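There are two complexes below, and they share chain A, which is joined by chain B in the first and by chain C in the second.
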Partner chain A sequence: MSDAERKIRVIVAKPGLDGHDRGAKVVARALRDAGMEVIYTGIRQTPAMIAEAALQEDADVVGISILSGAHLELFPHILSACAERDITPANTLFFCGGIIPDEDLAKLHEIGFQGVFGPGANTNDIIEFVREHVAAPA
Partner chain B sequence: MSDSGPQYAAELVVGLRAGNRRALARLLTEAENGSPAGREGLRLLFADTGRAHTVGITGSPGAGKSTVTNMLAKAYRAQDKTVAIVAVDPSSPFTQGAILGDRVRMQDLSGDPGVFVRSLASRGALGGLSHGTLDVVAVLDASGRDVILIETVGAGQDEVEIAGAAQTTVLINTPGMGDDIQAMKAGIMEIADVLCVNKADHPGVDALIGQLRALLSLNVHADWQPPIVPTIATQGEGADALLEAITAHREHLVSTGKLALRERDRFRRQVLAIARAELLAGMLHGPRGEQRLAQILDDVTARHLDPHSAAAAWIDQGLHA
Partner chain C sequence: MSDSLQDWRDGTYDPAVAKRPERRPEFRRSSGEPLAPLSAGRDGAQLGFPGEYPYARGIQPSMYRGRFWTMRQYAGQEDAEASNQRYRFLLDQGQTGLSVAFDLPTQIGYDSDAPEAQGEVGKVGVAIDSIHDMRTLFDQIPLDRVTTSMTINSTAGTMLALYAAVAEEQGVSRAAIGGTIQNDILKEYVARGTFIYPPAPSMRLITDIFDYCTREIPRWNSISVSGYHMREAGCTAAQEIGFTLAHAIAYVEAALAAGLDFDAFGGRLSFFFACHSNFLEEIAKFRAARRLWARIAKERFHATNERAMMLRFHTQTGGVTLTAQQPDNNIVRTALQALAAVLGGTQSLHTNSLDEALGLPSEHAVEVALRTQQIIAHESGVADVIDPLGGSYYVEQLTDEIEAEAIRYIEQIDQLGGAVASIEQGYQQREIMEAAYGRQVDLERETAAARQNGAAPGATGAVTVGVNRFTTDETAHPEVVRVDPSVGQRQSRKLEQLRARRDSAAAGASLDRVQQAASGEENLMPLIMDAVKAEATLGEIANGLRAVWGEHREAVII
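Moving on, here comes the complex of A and B:
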């Protein structure tokens, strides 16, 4: 396989205690249908589990789905668990989706989530966002 | 960072040897992709391979491959062995995308640095593995893991490539599949070194074990009778017995000298497969390869030339071009 055909590898994970993973599954499916390789980790992931999956799978992208409202609580923990493993917004694309109030968007961007997709987001926009932001391997 | 050259490979190899798991993960990506860096990394690491026990886990979709793999990994960890898991799931034939979901059943391995899980998409390969699987396993082997569990895509009858890739192949059967056992007779049953009967708390388990015994009794010449091990993987039941059966198989391979023979056979197939691909690529990308092929295909579609003669003509022209 030439580098031009290199697959985009995406982790899709659900942290915290809410078990509603329909949104995560819809996004996973859409990214698969766009030709990406999606590693689906399932629900109730701790920050360490997400970071470990991103490391072992050498993911280009980490997508987090959350509905519980605990994003400002949990996301910094996820980012620091990733950073301990040299997985940072500088070398990996982070995005999230779920129930996220508008007033939190700036904060999420600031800590490293380049994309935030709420209810009603178009999966094509998510696909385009990922394609645009994953740096083409040299 | 995404440099694909030898310098990058050398850096990753140094990292891997220092126990850096990020370097290991990145080298696995290069190896899976068959990139120049991946090939260079393998060249540097190859002398360190051949130490791990490679165990294939195969069976029908839903038989419990991931759950059995998870259970086995925990049993090996209880013996203080380090484990790598390579889990292959199918790629979509239409979009080439994939959802790799085996980690979902391996949650309780997370947080143990002695276990490294890597998911692979089959990427169009039809034998139950992907083209990069052997190289991925080799890198994990060189990283010093004691055991490498290789989980195939859900296998039917023909997905038997795992037997050539792993030292020991575990075939997972489940009760209630009825006539599937009959269908399995010729294909995948033959590659099993250990027969795991999972979901042993489901009805029909005794009948299944009886059928398997009857099938095995036909193997009169075999010097290894695959043991039948019942498990309830969701509860961890049968883990030790399964691990024991797998270990006994490896001891059998070592004591009979078959381990070396099988390995040589594997390398033969691997070298020939690589040579075949290289030769073909050389012809296609060689002097007017595609053009000549197009002309010959015109003759074939016009029924002036049959496919066998066409291939012979194309090769002959290529060699004398």
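Moving on, here comes the complex of A and C:
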């Protein structure tokens, strides 16, 4: 496949022990229907598993869904596991969704999540966000 | 089955009321005219009667004239101390039963100091590691006077053992305690995700619990077969009933294969459904579920014990229907859903708090949610007569249709080899995913229509007020309840002290016996009881079983 035809590659992951995966699955499906290559990891992923999946799949985008309230604890670990594999917000788009209080948005943005999508978010807005933020292939 | 309203009064209703009087000697209209307990038109006998097979009109002869549903708010957070405070607050506010939310490590069999538990301790419920936590959780709550529902599945046997052990310490015998463990592993594989072991040993543990409860804890509901989480994950009302009853059939068949008697354990099966906002469909759904289960119990399992034919259920209003936008609107959604659950004949009810799309509920929001139930019970008058919507042409037709649709799902699952086999093939998961995605597509078509000037609201049939229609710019963000992040450290410290203090040889020996029995056929429950009393931890017991049974790996379906 030539670079020009390369699809945007997305990992959608559920970290921690939270089993609420309706949102993750719906977003994964919507991104796939929009023509992206999407891998949904399933639930109960450790930071290392998510980072490894991103590495193996050569992901352009990592989307994390969490509803258990453990995001501030778990997300920094995910980013450092990714960084160990040279996957960083500088070369990969990170976004997240779930039950995430507004007051945490600044903190998540600061550590590298460029988008946060809460309850009621529209998948078309997420698709547009991903397309806008993933640089066009060289 | 009575032939007429008079027969029903003479043979069913009057004897029941004589045995247990109703809430009031008389119920009256605003003008003072007395209210008849039940209306039944000329076709009354065709519909059946309350307290009689097939129970479409309710499982008790006098329904809420006799006693209101149990108002049971699901709660639990941080540690046992904090959750005990919340329970005592709720009981002081007039709540009539407890419902315990556990944190995810407790639900998945990890002690609070396990690496897998980090960041999750005390987040979505209370952390329980050992009998010491359980003792604190029910401190000053008399377990002979309150019934407790526990949302616990993979580790349900351990939690029931802990509860019974704490009751015993309070001087309350196992035979006297009442409550429910969810203990429904199949829907965990399908939708909720707190599984540990593969299906076969999980089903064995469940039948061990059925057997043990029948003999030792006779007032305990040994399972709560749950549609709620499948509905939350996206399925339709008819799928909720079809899948839930198919799962119940699988549990009954597993228990029969283990040599249990359906008439003996069937009366302790209970159910748990969601109630969403489509008011009349939800009411019909509950009526259809009751009638269909009665028929399955009688025709498929040849029940003779009437109790085993009665579908008793808990309802929770639909968490997924709550919106983060304009959160006050959630009070109205919850009130409508709660009213539908009551008109559908629920035995107990949880009403969601208005702020649950934002995070953990605040104390104020929990209080409003409980008051919602109290207003329906004490002010609306709907509890003063039995099944007031029974006989409505529309409701009866909808009941028939939903029952027929649910039967088709059960037949499909039967054809796939039963519920366990169909889960392994991903059938329920795929159906739920399709329904969830379809709903999202509809909502977004409505959003697109809203963004076009002039498109009328509701053209696609998928309006969520405040989200894709009637939106406002919101600037106020309600305060969010935070879990104290030090709870994980506190739990770890307690575990460290416990392991240093306890008789390690006795705890170790009790764990060895659980593990040995896991590879054999002996009922595990008495051994788990011994282990929790020997201060073995929840994680240690689960790890012992993991070592023998292995862990379930789910097939990912999108």
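Just so it is clear, the second predicted complex is superposed on the first by the 136 of 138 C-alpha atoms of A that agree within 3 Å, B and C clash if a C-alpha of one lies under 4 Å from a C-alpha of the other, contacts with A are read in each partner's own complex, and residues count from 1 in each chain.
Simple rule for what comes next: a residue touches a chain if its C-beta (ideal position, glycine included) is under 8 Å from a C-beta of that chain, and two chains touch if they have at least 3 such contacts.
These numbers were taken from a predicted model, which means no experiment stands behind them.
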With the two complexes overlaid on their shared chain, look at chain A and say whether chain B and chain C clash or fit. fit
Tell me the contact category for A:R29 with respect to chain B and chain C: first, second, both or neither. both
Examine A:E110 and indicate which partner it touches, taking first as chain B and second as chain C; both and neither are also allowed. neither
Please indicate which partner A:G69 is in contact with in the superposed arrangement: first for chain B, second for chain C, both, or neither. second
Can A:G42 be said to touch chain B (first), chain C (second), both, or neither? both
After superposition on the shared chain, which partner residues are touched by A:G120: those of chain B (first), chain C (second), both, or neither? second
Quick check on the superposed pair: does A:D102 touch chain B, chain C, both, or neither? Answer first, second, both or neither. second
Who does A:D18 touch here: chain B (first), chain C (second), both, or neither? second
Centred on chain A, what angle do chain B and chain C make, from Cα centres, as a multiple of 10°? 100
Does chain B (first) or chain C (second) touch A:R85, or do both, or does neither? first
Considering the aligned complexes, could you tell me the closest Cα pair distance between chain B and chain C in angstrom? 5
Hey, what residues of chain A end up touching chain B and chain C alike? 28-29, 32, 38, 40-42
Mind pulling up the chain C residues that touch chain A in the complex? 104-105, 107-108, 110, 116-120, 123-124, 188, 191-194, 232-234, 320, 322-325, 357-360, 433, 436-437, 440, 444, 447-448, 464, 467, 477, 480, 483, 485, 554, 556-558
Spell out the residues on chain B that touch chain A in their complex, using ranges where they run on. 1-4, 21-22, 25-26, 28-29, 33-35, 91-92, 95-101, 103-104, 107, 110-111, 116-119, 121, 123
Chain B partner contacts - residues on chain A that touch it in the complex: 1, 3, 6-7, 9, 28-29, 31-42, 46, 48-49, 52-53, 55-58, 85-87, 91, 135, 137-138
Chain A residues touching chain C - in the complex, by the definition given at the top: 16-22, 25-26, 28-30, 32, 38, 40-44, 68-70, 73-74, 99, 101-103, 118-120, 122-124
